[in-house]
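By written order: A, B, C and D. Residues from 1 in each chain.
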């Protein structure tokens, strides 16, 4: 069968997926076309929903997004900022550190 | 079979790496990489050396043991590469100095 | 300090530089030409000739860097590389980089007699030709590196 | 035809090399001639590599000895001498992918690069990057691998600093040059360790006589950490965000393929050179660790970025993590034939497929980022908005790339990720769950880019923005075409491209036997 990818324990067939996608999309379209036709352009119906407030003039900036995510992971990001110093000396230092760690791992692995 | 040239090579490599890691001046960082490269060149040449060998030139050679010519070809290649890398890094250092008026690696503009 | 970087060093230094130029360049050419017989070759010889450019700029001052023909050097650099690749391509009837001139009797194609000898220049096939073009390339490229670095330094003043 | 296949490995490197040397000269004759020569050289290389790949699939490993009397004469005196190129299915696949991306980058650059002087050198460096990548994937010799790695580092370092009059570009290039020099010197040191013991430089011949002494372990450590540095695995990823974001946009796409070449070198060394070493399982676990860290830290660092190319650079780190995870699992179970048969080879197939896919969709995303920069002149997501009104085709390409990198069906990213998820689940369920989580975060961060750059009302300052020129759309279209093709027909791609490559990595004896 064309498009059938065996993954060892399961399988994946994109062509069947695409067919299913179009059938579902058709069904959704039919259901939608039977809905209430009260849409009026130019009224409040076309405004984006922004918790009842007026949306900002020039849209929502990327800096405003995922605020809660960053607030929850504030300590992680603070730590990450500290690691990413942007100094070339540190880059080489980490490289040497990784070499030493790997050497230790290989030596211990050889003893076991 | 630890011999003096190999020890010397390891010491010089450590000196070069420590220069790259701990020096803040960009030109000194370039010097550090250059020192490491020279140490490795020394290592290759000392690998090919035979006790009491003569230079591997066919012309007028006495019938003696010759040193191995392959490592010398490798060394020449790596010297040429090192020259190109050093020239390029120094050019970048010149441009950085011209733009920011400083060669300090810690006064960085790119981070995170 | 200003004087030395702009208009060059004293007359003594400049004269000695001009006198030194001849032996240095001849020595560089010797190293390039004998690359297949003795240590050295295209890179070493080209670098020796290119030191003359650096010496010239140091002695004559910053204006000398502008007076040297950059266009010609740029052409020479690319031409050297193209000729090198072309010589490699010419061996393609057998393999890439095949030494098709060696022992062929034509230019640089003399067979080397066995045993110790004083060194025959007309041997080794394409290797001396490659040394020549590499010498040209390295001379042009290193001169350009020095010239560009120097002229960039001068612009900031 | 047979002449081209016979000399294929050498020609594939020599044609772009010759073009790279000639472009500065031809540039004097005018921009069109220069662009034509660069494009022609890459097309020719692509044709040679397609023929070579077909030949390798049908008749096995092909070797080429530079300067010998016949190309297959590798060991005239019992051990290999001269410069030897060795192409198996893995090398041929990687070479094919590299040149395809380079071709798209070349077409894209014709309109994208508006600078007038130095363009001859831009194309020369682009072709040199291609030469370096092809050299790394096709050489059979460790020292040549170092030489090509340095060719790659020098030319890409110089091209990262193409916008010299911006100080940041020089700084990024300086960091990249120092990092590359340190990595490449460690590779050279490792090569010296091996050469000092066995008097050999050839990968196949070395693998045949390897004694696994203590010095070999040091060499392995040096090689693995140096190539991990060059492919940008966490915690050695710091240069990636600097270099990718400051390079010209098409070059960022080419830098992705440079990482792929380093990954190839990493796995060639691990599987072929040290494949029989007793401690290779430890290395496998170490690479899995690097992979998980890369996936997670890469994607979490990408989310808060507001520079579009820096964000994508962190995603490149994150996607490299998937590849390291898949091939690391293959490496960790290398000694266990049963585990290899049941899930190890599937994990490797997934990883190699993801390498191909990553080059395609990451390349496409960087090119769309370039299109945004070309028309608006800014990389800051906070200043962008409403571009979908003016650039509908670019928006479509961005959506394709975005869905593909996030691993949404039916695009190619999903096909390769499902191979990795399911086979890694057999190995360790936790790793598989982390991989799926990272995919979700990837989608989240690209939704952010999509929302802030393309959606929203039309901005006043971008009212003159038009669709990008046709040449740039063609370049993006090539990559999008392959993404959809591999997405809809993953079984054929795996069967004809990926499976031979995975088997080639595992069959160390074939690689050794072609030389000795």
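One rule holds in what follows: contacts are C-beta pairs under 8 Å (C-beta built on N, C-alpha and C of every residue); 3 or more make two chains touch, one makes a residue touch a chain.
In this text, all values refer to a predicted model and were calculated from it rather than measured experimentally.
Between the interfaces C-D and A-B, more contacting C-beta pairs are found at C-D.
Averaging C-alpha coordinates per chain and comparing to chain B, the farthest chain turns out to be A.
Centre-to-centre separation of chain A and chain C, using mean CA positions: 56 Å. Averaged Cα coordinates give chain C a centre that lies 36 Å from the centre of chain D. Centre to centre, using the average C-alpha position, chain A and chain B are separated by 44 Å. Our note on geometry: chain B versus chain D, Cα centroid distance of 28 Å, whole angstroms. Contact with two or more other chains is made by residues 84, 86, 88, 92 of chain A. The residues of chain D that reach two or more other chains are 174-175, 178, 182, 241-242, 301, listed in rising order.
Multi-chain contact residues of chain B (touching two or more other chains) are listed as 17, 20, 29, 95, 108-110, 112. Judged by the touch criterion defined above, the protein chains form a pattern that is neither an open path, a ring nor a star, and not fully connected either. Taken together, the chain B residues at the contact with chain D in this complex read 13, 17, 20, 26, 29-30, 33, 36-37, 40, 43-44, 47, 71, 74, 77-78, 81, 84-85, 88-89, 92-93, 95-96, 99-100, 108-110, 112.
Residues 55, 57-61, 76, 80, 87, 90-91, 94-95, 98 of chain B are the ones that touch chain C when the two sit in their complex. Across the complex, chain B is touched by residues 143, 146-147, 150, 153-154, 157-158, 161, 164, 167-168, 170-175, 177-178, 180-182, 185, 188-189, 192, 195-196, 241-242, 246, 301, 305, 310 of chain D.
Every residue of chain D that touches chain A in the complex is listed here, in rising order: 174-175, 178-179, 182-183, 186, 217-218, 220-222, 224-225, 228-229, 235-236, 238-239, 241-242, 278-279, 281-283, 286, 297, 300-301, 303-304, 306, 342-343, 346, 381-382, 384-386, 409-410, 414-415, 418-419, 422-423, 425-426, 444, 448-449, 451-452, 455-457, 459, 487-492, 494. Interface residues of chain C, counted against chain D in their complex, comprise 74-75, 77-79, 81-82, 84-86, 88-89, 91-92, 94-99.
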